[in-house]
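Consider the two complexes below, in which subunit A is the common component and subunit B and subunit C are the respective partners.
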Partner chain A sequence: MDLNLSEHIVRTVVIAPSQRIDAFNAPELRAALDQQIEGGARRFVLDLTNVPFLDSAGMAVLVRLLKRARDQGGDVRLVWPTEEAARRIIRLTKFDRVFTMAETAAAALVDF
Partner chain B sequence: MRIAMVTPYPPSQGSLNEYAFHFIRFLRQKPEVSEIFILSDRLPDAATYPADTVAQPGLAPLHIVPCWRFGALDNALRIARTARALAPDMVLFNIQFASFGSSKPAAALGLLAPAMVRAAGLPAIVLLHNIMETVDLKSAGFGANPLVERLIRAFGAITTRVLLSADLLAVTIPRYVEILEHKYGATNVLLAPHGAFDEAPPPSFEPPPGPLQIMTFGKFGTYKKIEPLVAAFRLLLETRHDLELVIAGTDSPNAPGYLEGVRLANADLAGIRFTGYVAEEDVPRIFQDAGVVVFPYTSTTGSSGVLHQAGNYGRAVVLPRMGDLAELIAEEGYTGEFFEPDNPQSLAEALARLLDDPAQRRAMGTQNYLAACGLPMAEVVEWYILHAQNVLKIRNARRVARSRELVKR
Partner chain C sequence: MERHPDTLRLDLPATNKYLNVLGACLDAFIERINGVAEPRITAYNIQLAVNEIFANIVAHAYGDAPDGRVDVVVMLATDPRRLLIELSDTGSAFDPETVAEPDFEDVQIHGYGLFLARSLLDDVTYVRCPDGNTWRLIKYL
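Right, the complex of A and B next:
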């Protein structure tokens, strides 16, 4: 019997920032994520568990990643931050209805 | 996606015309957008809008359809009828409470348009630039009679409920989302920040040589009143002579003749300049020439486009200490010097603190520039597209579910 076996390894990049993501340091995260996209990554888990604060400029970085990943046939999962100051902007912008959200990075990886 | 946007649009002088101009500039560039219709107000004196523009590489075709008139009572009907005839995939509204008229009946009836568009079977997203709950009616001249104030608030609440019948209602300030969620139990309100109009290169934080300009920009006469600013300018001139006050912009459509009245009342004052309408290409120069940008507001009205422009050009700003304005601008990453509203002495002191301290002006301009760069409007438009796609996905899923239900029967 001919078994034409092949193995597909799908790469998922997990990024877990641990500082605030605001207008002043969002460009740094943006550059890091752009580098990953340009390096061929398409599927991302952004683990925000330890992010103490996120503002709309930070949110924009996540949305831009989602857009770029989806344009390339990939997607992004977000892990809820534990700090209310960071959760607030995700709820206010209703992006918890656009991103697939998870409680932990492990759950987000399983979901892909 | 074929999108219709209900909004004033230049050369219409209606409020939010400039916001619409930039929003549509970026919307046209998005690959998801195949065609745009602007449902705009009719221009006075038989003036006409620019002709339709055809599709160009990287730009969706744009059609301007004047179908309503500022102050008319039947605007909602006209807008709904036009939208139904065009049958776009999504109707966006770029509005505030006085978008459709200066009289209360015209303003309120016009705000029925999103509900009527939805009733016509079209999905609607409303970007509402102010909310009734934060308008300071006393400053707006309705505070003297408590009964009138209560009536206006009650009608405002009814109108807000009608607006909330849109698929989504976007506001530009985080606090507004929370107010609408708590008061109305709304689940379809979202934050869509204002965004910076241009991704300007790092500006010069120094004003040009010559008299230091104190500049204010906008449409004046309703909640932007310049009398305290002119009085503060007079106070500053008592001790310095190297200043110029620039009033950039026009009357609000709701206050015709206002600026001319102020100009005549201050005909004796040297160093004050009224620019009149500022064409789009002249906006950068107006901001770059300013040493300080002043916001002579008498009530808070949502996120300020002028604040974002001041940030874009790295300018220091002076704002009224009013409601939670300081907190609101801090939430967007901005900073400013504050004065007591309607108090020329306090405004003069706030201005003097910046005029006397170039280092502070530079630091403030730098922070505001970084805040403005944080979220360019090109990305805010992306947010709307993602939410619109989500709305369409949900509506399609419901339609499919209903069809299956019918087949089962």
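Right, the complex of A and C next:
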């Protein structure tokens, strides 16, 4: 039987920073994510569980990643931060409508 | 700003490197204020708002030039109780009116900083002074 089988693997990366993300270190995160995109990753889970603080520069990195991933046919899932104030900021900026949100990285991976 | 005995004054280099120092100072200052509603969330919101104004000064007033300074004054005022925060610099003028609100229907990379500061505080005022700029922030507690 000729099955004409082909396998398609979409590389998925989980990133789980554990420090504050602000205008000082956001460029470092952006560079790391750019490197992953250029290396072929298309699906990203940004696990914000242990991120104690996220400013607009960090949020800009997330949006940039989303645009770049989608341009390549991929997508980004966010895991809610534990910090309630940070969760409220994600709602305030409506990031929870732009990104698909998950409570855990495992749930985010299932969602892809 | 009229000085109160409890006024805190920080003289910081105009670099994002010390945003964590600024944030920690604000957190610690607010922690010692009694009876703040939702203290953790209030402290986070104030820290984030001030962080955004500071980063804006670094990027726009000084254009990431390395030798600028930012003078930050934090004061707890009464009747009504409020936190007053002033950030002063000697950099270029900034026109807050040129900053558009974020478009939530078409997510964008930039434009959230001033939106966050204005959303999280009760008042955000920018003043162009002869020798620089001053941002006056108020949060009622």
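Just a few scattered comments:
Definition applied: the second predicted complex is superposed on the first by the 111 of 112 C-alpha atoms of A that agree within 3 Å, B and C clash if a C-alpha of one lies under 4 Å from a C-alpha of the other, contacts with A are read in each partner's own complex, and residues count from 1 in each chain.
The rule is simple: contacts are C-beta pairs under 8 Å (C-beta built on N, C-alpha and C of every residue); 3 or more make two chains touch, one makes a residue touch a chain.
Note that this is a predicted model, so its numbers are computed, not measured.
Of the two partner chains, subunit B and subunit C are each touched by A:A23. Residue contacts after overlaying the shared chain place A:D34 against neither subunit B nor subunit C. Once the two complexes are laid over each other on the shared chain, residue contacts for A:D75 go to neither subunit B nor subunit C. Within the superposed three-chain model, A:E84 lies in touch with subunit C and out of touch with subunit B [touch as defined at top]. Legend: residue contacts after superposition of the two complexes on their common chain; A:A60 is shown touching both subunit B and subunit C.
More residues of subunit A are touched by C (comparison of subunit B with subunit C). In the superposed pair of complexes, A:D96 makes contact with neither subunit B nor subunit C. Judged by the document's definition of touching, subunit A residues 22-24, 55-57, 60, 63-64, 66-67, 88-89, 92-94, 97-98 lie at the interface with subunit B and also at the interface with subunit C. Those residues of subunit C that touch subunit A in the shared complex are 15-17, 19-20, 23, 40-41, 44-45, 47-48, 51-52, 55, 58-59, 102, 104, 107-110, 112-113, 115-116, 119. The touching residues of subunit A, counted against subunit B in their complex, run 22-24, 26, 55-57, 60, 63-64, 66-67, 88-89, 92-94, 97-98.
Contacts from subunit B toward subunit A in the complex involve residues 168, 174, 177-178, 190-193, 331-333, 370-371, 373-375, 379-380, 382-383, 386-387, 390. Residues of subunit A touching subunit C in their complex: 20, 22-24, 53, 55-57, 59-60, 63-64, 66-67, 83-86, 88-89, 92-95, 97-98.
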